[in-house]
Amino acid sequence: MKDSLIDRMLSPNISGRRDFLRLGALGLAVPAIAAACDDGAATAKPAASEHAGTAPAATAAPKTAAEIAAKADEMDRMHEAGVKAFPAKTEGKGNQLMEPRVENGVKIFDLTAKKVQWELEPGKRVEAWGYNGVVPGPQIRVREGDRVRINIKNELEESTVVHFHGVELPNDQDGVPFITQPPIKPGTSYTYEFVAPNPGSHMYHSHHNAAKQVGMGLLGAFIIEPKSKRAIENVDLDYVMVLNDGYHGFTLNGKSFPATEPIVAKLGQKIRVRFMNEGMMIHPMHLHGMHMTVIDKDGWPQPAPWKCDTLNIAPGERWDVIINCNNPGTWAFHCHILTHAESEHGMFGMVTALIVQK
Amino acid sequence: MKDSLIDRMLSPNISGRRDFLRLGALGLAVPAIAAACDDGAATAKPAASEHAGTAPAATAAPKTAAEIAAKADEMDRMHEAGVKAFPAKTEGKGNQLMEPRVENGVKIFDLTAKKVQWELEPGKRVEAWGYNGVVPGPQIRVREGDRVRINIKNELEESTVVHFHGVELPNDQDGVPFITQPPIKPGTSYTYEFVAPNPGSHMYHSHHNAAKQVGMGLLGAFIIEPKSKRAIENVDLDYVMVLNDGYHGFTLNGKSFPATEPIVAKLGQKIRVRFMNEGMMIHPMHLHGMHMTVIDKDGWPQPAPWKCDTLNIAPGERWDVIINCNNPGTWAFHCHILTHAESEHGMFGMVTALIVQK
Amino acid sequence: MKDSLIDRMLSPNISGRRDFLRLGALGLAVPAIAAACDDGAATAKPAASEHAGTAPAATAAPKTAAEIAAKADEMDRMHEAGVKAFPAKTEGKGNQLMEPRVENGVKIFDLTAKKVQWELEPGKRVEAWGYNGVVPGPQIRVREGDRVRINIKNELEESTVVHFHGVELPNDQDGVPFITQPPIKPGTSYTYEFVAPNPGSHMYHSHHNAAKQVGMGLLGAFIIEPKSKRAIENVDLDYVMVLNDGYHGFTLNGKSFPATEPIVAKLGQKIRVRFMNEGMMIHPMHLHGMHMTVIDKDGWPQPAPWKCDTLNIAPGERWDVIINCNNPGTWAFHCHILTHAESEHGMFGMVTALIVQK
């Protein structure tokens, strides 16, 4: 199995970059990558033919039962270690509710865009570009009709801007460089101010060199609470789950399993999950044990709630769901593109759990 | 055209792995792969610029009409051969209804996970890991409220577990290693038992080293019939279509065109198709000649049925549709990511037909 | 930053093909591509680890404020130039309404499939295969119940056929080679004729060697106006937006930003946008400043209209939305897979604007 290219591709955590690059240099990693792309008749085919008549897990000589057992145990130990480590402690936590300063009735949020060393999973630190040193940036929640001021200080080495994705603002507050404002130069500051309009689950993120800046972490949740809630919005827990797949790999709220955060509820409670995709790929999020009732798309109510257990979330989309926590236990909750969630070394990336306590 | 990289990428069936690897070794396959990825401004650009000012199909010297005709005929012959071969016979057929043993009112299904040589299309055999030697595994259908027992025997060389995707089970039957149960070691067996809960189109598949194990074929349909059907569920044919794009390339019910199975109906009949995506990529399935009325998502009724001719199915999702077979003829039915369905050598992969007989 | 592989991947416009190939030849482009694929635990991981502990934007020596400012200004100038160039003039315009000849009450459309040099953006010409020399082909609009005749002349160097995607035709007019008709050989012509059936937003495109032929531009909008409109269909502007990501990179109606066409409306007007995806990838289209009300899927009314600001459009799908232009200004309108819309050199590809004039 060690010599199978696809197996190597499924072993990112351990074989890591050096092996990967070595394969690339030999021109051999290509079919495996291809198989991983969201396309590629061409690409899955070679993978298939590679296995034609041979066993990817086969060795030259038949294995004894003891050898098979030892190898299976070795794999299982890695899987177990990941689960046992969950939820693993890491430095830094993003997406936490930010308290505004209030001046003359204006809710003021001060954000600084800057580089930070970010611990994705225990011991794995990467460079991130974040707001106030965290990824995702602080969670901003205001109320429909609130006057809101966002002060941005740019401590990056390139210009930036902030776009309030989904928020229907006057044009000059929309945050698109050279269309609605000049870029915010390194070392300078800029202020956005507006009355919070359409309620719902929105986002704020860079809209300048955005594939890079958002991929590096310049993003956060921007939620506008409605003046009056619908009955279905009365929940015990309101949880925001930001999906990303940029420079830092596959993350939920800026962390990879086992450093992701479990959602904890008591039996009988209702929770709301606000999915937000800040990445470049779709992520069909699958909950075990219970279904999700979809209520909102991009902050707008669906004509009628509908149920599912796997919800496909595309880049830029937000979907709000209600979960009736009526089934006790620890339930896997993960992206169902399996290569975003598990390798032969165990679960990683976009995996967390919903824990329903009796 | 033979020398165009993208053309080579679109010719997987014939140029196959050797050419592909050779290109990879030269570092030349990269732009073509990139163009095939679901991302990549970067990547489509080189493909575009490659063609700038030059013709991908151009040869050094102008072709005569006779040369053009001969080349077109050669391509057309390959396309025709594929169509004429459909439905091609292959060894092995998955997704067939499994009769349970019944003991004391319990419906018992015995499944063995093991390696098998699997014929994807005529003459093309690959190693698969399947339940009871077929891919997809046997189709399991039970009724809401049935007591169900699933005996799993693991004859693989690694541990496994079975997760009943979409079925709202007690936590200890959920099939997630080290969270709800220990892995099922090679050479050992395990039993799941439960009362069939929420009805609908569900799936069973491995949840251990799953990117590998599901990609190799450890998957199947798990359908729970409702105690009472809705009027719209009264159909003449109930067809399950499992989509996959793993180690075996692009398949419908474990086979590639022309070895895929046509759906045959009589004029005026109503059929139900249950789409299930066990792969890593989206597959927007397109039916010619008639529309599909979407009734269920992940086994749950949509608030109201809605119509379409192209239904995007993401990994882990199940969508149920009704087709009123009111248009006679043989109708193409395929994934509309065209590189999953056709190359310059003809149709392949995720293509089948709905045949409506007068 | 210049030396970061991912940065190079995000810089397609300038570094272009030569650098890309050079990286590929060294086997070094692979992780960057991988990160760009819609999959790839394996692949994003190396990208992440590449940055671990090091700064992608870091240079060997610390930069002075002046150096940082100069570099930021350089990037901003490129971004500004793109915006200022919009809408840039290019030769050729596809998707324009085609007037039919009318003979004996039959609406006749003459289409010639042929090669053409196509200007994607100023100065960037590529080979395209188009209908009547444009990409997308001429926009065809007929009325439900009209008798329609389409004459196809094939001046390509390979056979072709035309499929009317979404239109429920008699089988012999469906345009699938060797199933419903013989291929149309180079130098020959073919005629389709039918009564326009189910109204809505449909498409016409090649269904022979289609990954290549559609990718090269053999596609167009085919709209059937209903005999009687719904109230919600009474709009001031009816705009068709064809998405593509084939051989020509990321395009809207055959052009890349800044050569894309802005949509211009007056404050208070209602517009209808008909999205049509002729590519191989999803494109979640995001409108700034206002939401979209989704009314139709594949030409069929949704059970109830619903709102969003980011609409995920999969290959082969058509989605119709209504926009109430109630927010004045110039609003970005783009694919939210950011690598389809922006690089460090500025916006490109699938970007346009909705201009709401006071």
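Labels for the chains are A, B and C, by order of writing; each one numbers its residues from 1.
Just so it is clear, contacts are C-beta pairs under 8 Å (C-beta built on N, C-alpha and C of every residue); 3 or more make two chains touch, one makes a residue touch a chain.
Note that the structure is a prediction, hence the values are computed from the model and not measured.
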item	value
Fraction-based call for chain B against chain A, same above half, different below	different
Copies chain B and chain C - rotation angle from C-alpha fit, nearest 5 degrees	120
Cα-centroid distance, chain A relative to chain B, in whole angstrom	27
Sites on chain A at which at least two other chains make contact	10, 26-27, 29-30, 33, 36-39, 41, 211, 280-282, 303-304, 312, 337, 339, 341-343
Chain B partner contacts - residues on chain A that touch it in the complex	6-7, 10, 26-31, 33-57, 63, 65, 68-69, 71-73, 75-76, 79-80, 83-84, 211, 280-282, 284, 286, 288-291, 303-310, 312, 327-332, 336-339, 341-344, 353
Chain B residues within the chain A interface of the complex	8-13, 16-17, 20-21, 23-27, 29-30, 32-33, 36-39, 41, 115, 117, 120, 124-127, 157-159, 163, 165-166, 168-172, 174, 176-180, 183, 185-187, 198, 207-212, 214-216, 245-250, 280-282, 297-300, 302-304, 312, 314-318, 337, 339-343, 348-349
